[in-house]
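Multiple structures follow.
One chain, subunit A, links the two complexes that follow: it is found with subunit B in the first and with subunit C in the second.
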Partner chain A sequence: MSNDVRIPEDLYEGDEDSVITAWLASDGARVKQGALIAEIMTAKVQHEMIAPASGILKILKQQDEVVTKGTVIGQIS
Partner chain B sequence: MENERKLTIARAMAEAMAQEMRLDPTVFVMGEDIAQLGGVFGNTRGLADEFGTDRVRDTPISETGFISAAVGAAMDGMRPVVELMFVDFFGVCFDAIYNLMAKNIYFSGGNVRVPMVLMTSTGGGYSDAGQHSQCLYGSFAHLPGMKVVSPSNAYDAKGLMTAAIRDNSPVIYMFHKGLQGMGWLGTEAAANVHVPEDAYEVEIGKAAITREGTDVTIVSIAMGVHHALKAAKVLEAEGISAEVVDLRSLVPLDRDTVRASVRKTGRLIVVDEDYHSYGVSGEIIATVCEAGDITLKAAPRRIAYPDVPIPYARGMEQFCLPNPEKVAAAAREVCRTTVSA
Partner chain C sequence: MIVTTFRTAAEGIAREQALLAAARPAVLLWQAQDDTIVVPRAWLNRAAVCTILPDMMRSGWHILPRGSGGGAVPQGPCTLTLAMIVPLSPRARIEDGYRLICGALSEALNRFEVASGTGAVAGAFCDGAWNVTAGGRKLAGTAQRWRTTPEGRIALLHASILMTPPPDGLWPALATLHCAAGLSQAPLRPDAHVALSELLPKTMRVAAFPGALARAAEDRLLRPLTERQRAA
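Let's look at the complex of A and B:
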């Protein structure tokens, strides 16, 4: 079973694009539910992406890629 | 690894400060925009929420005032961590730094300590022009009385900050903006590494061999280490084995590690984002030449910033900055040439 790591609709106000400024876990690394795994920036403000489940992380969108709310940036299985 | 825990340098710095503040009530932080905003480079994020604005203080734009105040507080038993937002701003407050902070231990005959950290951002690459993009490593390392450190990754960033806060002498903690993990300042993913949660120290004055090699030694600090590592990877495919030394500290300078590496490889390249002349790069080359027992197979080289004010125009700034291509080109040259006996 795999869980999508999706940019939440309420991560930040507005609907503008954002950028993945850092992955804080590697592709293929084991992560724990609730752990901080990425930082997303919009308008020079950083927001935290939290692991929705425990398991092995697969990164689908790389650092510096432009993303929007609802984008699936990774999977945890 | 049960749970990989990478941090950006910004987070690693904040974590070290938070852990020391929990342990030691004399530790406090102040500077411009460091409390409510969490620092323009993210390195004090969350501190004001946890410790309140008595211990995490926003200051006015008055560097002479608040750095001098920190010197007094340190002499009176506190352990201030003070931020000079851009190292370029040192001009307005250098008397407080090098006549007070750096000298009061000596002037008191060792009767007072000055246990303070002055953290300051360095580096360019994101078109912020000549008053917000300098490194000035040599300017600070030149003057006695202050330790000077600069991390290239989050593990060292946390350990050096912890060591700096616990040190009884003043420490200049220089963090490169391009390594902070703050998107708009440029981003170096390799700076984000696994960081243990528990507090630990990285010894101030100890360099690290970041990559082992046999043909050429590339010595650098902060962002330059990443240029060196990228160059080393390219060179490896061409059959040149590069060793990368991350100085981590400029004062004290780990001359032994530099010399031992060059003794092995016989070739030296220094990568320094500070200005070319009268700086760290020249000091490293002198360190090797003065050893007396090192035979260089080629003349030493330095990839440093040209002696010009940093341009704003992107193309011009990028032309001036050190980069992996320049390092690799220099390595190819020194590995081809031989100094005649």
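Let's look at the complex of A and C:
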């Protein structure tokens, strides 16, 4: 079973695009639930992305990619 | 002491992170003794940026990563940093955080008879819509970091204020960094910036400003960011 790492719909109000500014865990790394694994920037606001589960991280969207709310940027299985 | 002095910006950034981790309302004003250029963490993952770091060090500029958004900014004796840890209401907007910290700056500047506004400034470093400006020139830049905790959202609001004109060496150093980071923004213009020391009436001292800024920030700290306030 895998858990999506999804940019929450309620991360911020408005429809601005975001950019993945950093992955703080590598593709294939083992991550712990609650760990800070990525940073998303919107209008000079850095949002923290937390691992929704423990397991092996698969990165689906790379650093510097433009993303929107609801986008699945990774999976943890 | 109103302003906490650190030897390096790294110590100031670490203190901000500790306050954010504590997740309680707080105001911190700090200044670093060493000349530093602070960049988004991701920049240091770029090979071209890493390549130039030794040369930057030799020319007197430490390069440090930070966790809030934005671009490259100086932090050192010429700047004063205001950090605010603020609980966010569930429906808080990005603009709410910027209004809060820019409002604190604007109120403090008013006490020193300096009229200010907000907006982008062509040719400014780390340009954005929520610069604090005076006479159309950038006086301060702002950024935020939002964290979701089981108790709710909390924000680190951050403003870096030019207190005195930065050293001349800043501009070529920033241009080199921008080039290495692959930024395609307009060339930086030193005259797009202004320092507080250039704005204050002769009878007023720059050293008195942090006290006014701390009061203005603390006044706003405990006001929740609500839609009702946004509408007011």
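FYI, the second predicted complex is superposed on the first by the 77 of 77 C-alpha atoms of A that agree within 3 Å, B and C clash if a C-alpha of one lies under 4 Å from a C-alpha of the other, contacts with A are read in each partner's own complex, and residues count from 1 in each chain.
Note that contacts are C-beta pairs under 8 Å (C-beta built on N, C-alpha and C of every residue); 3 or more make two chains touch, one makes a residue touch a chain.
What you see is a predicted model; the values in this text were computed from it and never measured.
Enquirer: Go through the superposed model and pick first if A:R30 touches only subunit B, second if only subunit C, both, or neither.
Expert: A:R30 contacts subunit B only, not subunit C.
Enquirer: Examine A:V67 and indicate which partner it touches, taking first as subunit B and second as subunit C; both and neither are also allowed.
Expert: Neither partner.
Enquirer: Please indicate which partner A:I50 is in contact with in the superposed arrangement: first for subunit B, second for subunit C, both, or neither.
Expert: Touch partner of A:I50: subunit C, not subunit B.
Enquirer: Answer with first, second, both or neither: which of subunit B and subunit C does A:G14 touch in the superposed model?
Expert: In the superposed model, A:G14 contacts subunit C only, not subunit B.
Enquirer: Per the contact definition in the header, classify A:M41: touching subunit B only (first), subunit C only (second), both, or neither.
Expert: A:M41 contacts both subunit B and subunit C.
Enquirer: Once the shared chain is lined up, is A:A22 touching subunit B (first), subunit C (second), both, or neither of them?
Expert: After superposing on A, A:A22 lies in contact with both subunit B and subunit C.
Enquirer: Name the residues of subunit A shared by its contacts with subunit B and its contacts with subunit C.
Expert: Residues 21-22, 39, 41, 44, 46, 63-64, which sit in both footprints.
Enquirer: Would you tell me which residues of subunit A are touching subunit B in their complex?
Expert: 19, 21-26, 29-32, 35, 39, 41, 44, 46, 63-64
Enquirer: Given the complex with subunit C, which residues does subunit A contribute to the contact?
Expert: 10-14, 16, 21-22, 39, 41-48, 50, 63-64
Enquirer: Which residues of subunit B touch subunit A once you look at their complex with the stated criterion?
Expert: For subunit B paired with subunit A, touching residues are 1-8, 42, 181-184, 187, 189, 192.
Enquirer: Looking at the complex, which residues from subunit C come into contact with subunit A?
Expert: Where subunit C meets subunit A, its residues are 40-42, 45, 67-70, 90-94, 97, 128-130, 142-148.
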